[in-house]
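Data first, discussion second: the structure below is written as C-alpha cells.
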C-alpha cells in the first residue's frame, strides 16, 4: 500500500504541525511517521510527514495543488513523493570496485529502495563487475581536454534514463561547476576522510602523516566547492601507529561502503533535507 | 519561559497528531518539539509534545483537566510536566565513588536539570565526597536481617524529600520486590555489563572469563526482576586479551558514568517512555 | 620475500623472549614483527614472531626440527607458518548472500590473503553469486535424516581440496560434534548477536523484544557447544526504538560482514592464538 | 615489587630484540611486557621493555651506565624509568571544571599512577574544586602584557615542585614558544575537536556550522605550532541536526575528560613514544 511523503521547511511559526496534521487527517490519511525539527538559531522549521494513501480522498495527481495551497501562505519550500515511485540512481565509478560491489549487492538484496538503470565510468576496469549484476555499463573517458564533451554525454545519459540521483561511488573525477549545479542535492559523493579534515587528494596519506588515531569517511551532496557540500553521513574507525597507509586504505574501504550506502538509502527514502549547507536527517 | 511537556501512549488510531497539535495551537501554544513513534507490530502510538506557555491561554493548574478530556476518548495513558518543575533525585550509593562524583560534578555544572536533595548509602565510605558537594548524606546500613527496616527508613526519606526518582549509582544492594514496585519507572540502575549479557554479580569477571572483545554498561529502570527492567541506555568499549579484570573494572567505570548520567538526564527531561519492558527515548 | 611465522604458547618462565629472539638472530633472520603477551593470572606466555627468510641460514624444510629443539625444553605448544603458503578456505553458505558477496569481493581485491577453492551450500540459492566470481559451488542438502551422510561428503570435499579453514558465512546449520571436533580452531562462524547475549536462533528478534540500544555480531571458532567457542572479533551498532526487527536484520548484515571478514583475515595471517576458550589476537 | 621500563627508538637493524632481551635475561630480569614496532617506511625501530627487578643483579643506580653501553653502538635514543617513581603532574586550568574534576577523582581512585602536587590557574574560579581535593591551587593571572612574567612564575613553580609533566586541562591560554619548547613531549593538551579538523578557537561552533555528524576531542603534546603537536589519543561521538552548539559543548565534555585522562595515564605509565610529530602508543 503506497504512502505519500511530504518534505518541507519554512520560517518557524505557530500552527505548522497542526496545519499539516489536520490536512492529512481531514482527508482520510493516517500518519505513518511524523518528524519535525526547529533550528531555533536560524528560525527554520523542518518537517517530514508520511501518511497512508489507503483511505486518502485526494487523488495523487491532485495532491500537489492541495499541498501548494497549504504551503504558500506559510512560505513552505516543499517536495512531495510517493513510496511506490522508486528512485533511479546512476552510479559513477572509476577503478575501485568496493563501493560498486557494495551498492550492487545491496541493490540485489532490496536494501536500497531504488533502481540502478546504468553505471558510468571513465575506465573499462569495472565492466565485468557491472555485467555480473546485469547493469548497463557506459564508458566515457575523461581528460582535461574532453571534460566538457564527456559531461555533455553524461548529462544526456542522465536525461535519457530519467535519473533522479547520481552516486559518485569513488568516481575520482572532479565535476565541473556547471555539472554540479545542474543537479543540486542530487549528486552524492563519498570522500575517504572525516571531513573537514583531509579534503582533496590522498587523504589516507595525509592521515598517516599527521598520526591521527581515528580515520573516517564522509558522504555529502556535491556542490561547486570541492568536498564542501552538505554532509549526509560520516563514520570512523580506530587506527594505531601499526597501520601503514595501505592498511588505512583497506580499512577505510569498509567505512566508505557503509557510509555511502547509508546516505544513498536515506536519500532514496526521502529522509534527507538539505539547507544552509547542512542536512536534517529524519531517521 | 517555562514549557509544558505531554508524554503519552495509546492504541494507534487516525488523527492523534492532529488532535494534540490542534489542542496546543488552538489554545495559543507554540510547539517547541514534537516527536511521535508508532510501534506498528504492537499497534501502539507514542508521543512527546513540548510547547511554549508564553501565550498559552489555559492556566497550568487547569491543564490536567483539559488533557484528560483529550486523552480519555482516545484511551491515552499520559503524564504532564513543566520544564520549570525540577526533578528531585535521591542518589543511592555504596563504596564506589566514580558514579557519585560524576553525577555531582554534572549537577554542579547544571547538566542534569535536576536537584539532588539527598544521598543514601549503606556505608560511611562516601560521606566525604557528599560533604565536598554539600549534599546531605544518610547512612542506612543493610543486612539481610535488617533489610525490611532499612527500606522502610529509605522510603520515609524519599517521601519526606518529595523525591521523584531514585538513582542507584553503584548501590550494590538488591532492592526488595516491594520497594521496586513502589516506584515503577522511577528507579534508575546502572549495571556494569552489556545486558542481557552478564546479569547479576561480577560481570567484569564473567566478561574476562568469556573472552569478549567489547564490554558495556547498561542503565535501566528497576523492576522486581534483577537486571531485567526496561533498558534506557547502553554503551560499549573495545577491549583486548591484554586487559586484566582490574583493567576491565577501570575502563568500565567510564562507561558506567556516562551511561548512567545520560539515562538520568533524559529521564529528568521527560524524554523517556517505558512500555512492554522497553523504552522509547525521544532525543 | 617470504617470512616465517612462529606462533607459540607455554608456561611463563624467564628467558622466553631471549630464546626465540636469539634463535632468529643467530641464524640470520631479521624480525619483522614480535608480539608477546603474558596472562599473569593463568601463568601462560604467548608469542607471535615473524622474521624475514632472506638471509636466514636454516632451510625451510629443516626449520621444524630446529623449532622443536627450541620448544621442547620449554614445553612450548607451537605452529610454524610461511607467508607464501596461502591459506585455503572453504565457504559454507545457505541462502543469505551478504557475507558471501563480501568475502568474494574482498578475495577479488586481495584483502583476505587466502584462496577459496570451493563453496559448499545446502541450497541452490547462491549458485549464481558463486558463478559470478568463478568459484566452484557444491550443493549438499542437509536434513536431520541425511546429516551424517552430508557431513561425510563435506569432509571428503575438505580433504580433497586440502582446506585449511572452514568459514561458516551464515550457513545456518548446526554442525555435529564430530564435525566440529575434527577441525579444532579451524571453523570460523559468524553469529548475529553480541555474544554471550542472544545465542541460538533468531537473535535479532530477541534483541528487539528485549529493547537493547545496541546490537552486535560475533565471529568465533566453532566447538561442540553452540555459540560458545573462542571469540575472535565482535562489533556493534546503535539502534533505537524506531528500528523494527527487519531493520535490525538489515543493519546487522553490515556488522556480520565486517566482523567475519576481520576474523578470517587475522586467522589467515596467523595472528590468532586460541586457548582456554579465548583468543589472543596479535594485530 | 618495582619494575624497570626501557623506552627506545633507533634505526632499524637486525638483532635489536635479541640484544635487549639477552641483556635483561642475562642479568636476572624477567620480562613483564615487551612491545616493539617497526615503521618500515621510515626505517625506525621502537621498543618498550618492562622487566621485574626482583632478581635483577644490576643495581638501579648503575643501570643507566649499562643501558648506555647497550644503546650507543646501536644509535638508540632511550629513556629509563622505574615503576615506583611516580610521575608528578601540574594541572593547568582556567574556568571549566569538568576535566579538573575528572582528573582529581581518578587521582583519588588511584587510576592515574601519578601525583598532583599543584594546580595552576589564571582565574580564581576553580579554587573550591581544588580545595575539596586538598591540592594546592596557585592563581597566576595572564594578560598579553604580563604573559612573559606569568610564564616565568609558572616555570618557577614547575621547577620547585619537580614537575614531570604539565597537563593543560582546558587551560584556554596559548603558551609561548619558549614555554612549549622548554618541555618537549612533557605538556599534554586536550583540544575540543577531532584534529586536524577545527583547530584553534570555538571548534564546537565550527562543527555546528559545518554540519558534521560526529564530533571529537584530541589529546596531544604541545609544540610551538598551535594544535599541531603529536596526537596521543582521540575519541568521537555521534551528533545529529538536533544538537545545538550548547549540546555539542556539553556532549564534548565527556569526550574531553576521557581522552585527556587516557593520554595522561598512558604518558605516566611510560607507554608513549613521540617521534616525527606522531606517537607510538604501547597499550
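A, B, C and D label the chains in the order they appear, each numbered from 1.
The definition used in the following text is that a residue touches a chain if its C-beta (ideal position, glycine included) is under 8 Å from a C-beta of that chain, and two chains touch if they have at least 3 such contacts.
Quick caveat, the model's predicted, so the values are computed rather than measured.
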Most remote chain, CA-based centroid, reference being subunit D: A
Pair in A-D, B-C or C-D that repeats A-B, with over half of contact pairs matching by residue number: C-D
Euclidean distance of C-alpha centroids - subunit B vs subunit C, Å: 41
Chain centre separation in whole Å, for subunit D relative to subunit B (CA means): 36
Multi-partner residues of subunit D (each touching 2 or more other chains): 242
Residues of subunit A that touch subunit C when the two form their complex: 97-98, 101-102, 105, 108-109, 111, 132-133, 242, 250, 253-254, 258, 283
Subunit B partner contacts - residues on subunit C that touch it in the complex: 37, 39-41, 46, 194-198, 210-214, 216, 230-236, 240-242, 244-245, 276-281
Residues of subunit D touching subunit C in the complex: 14-18, 21-22, 24-26, 29-36, 38, 238
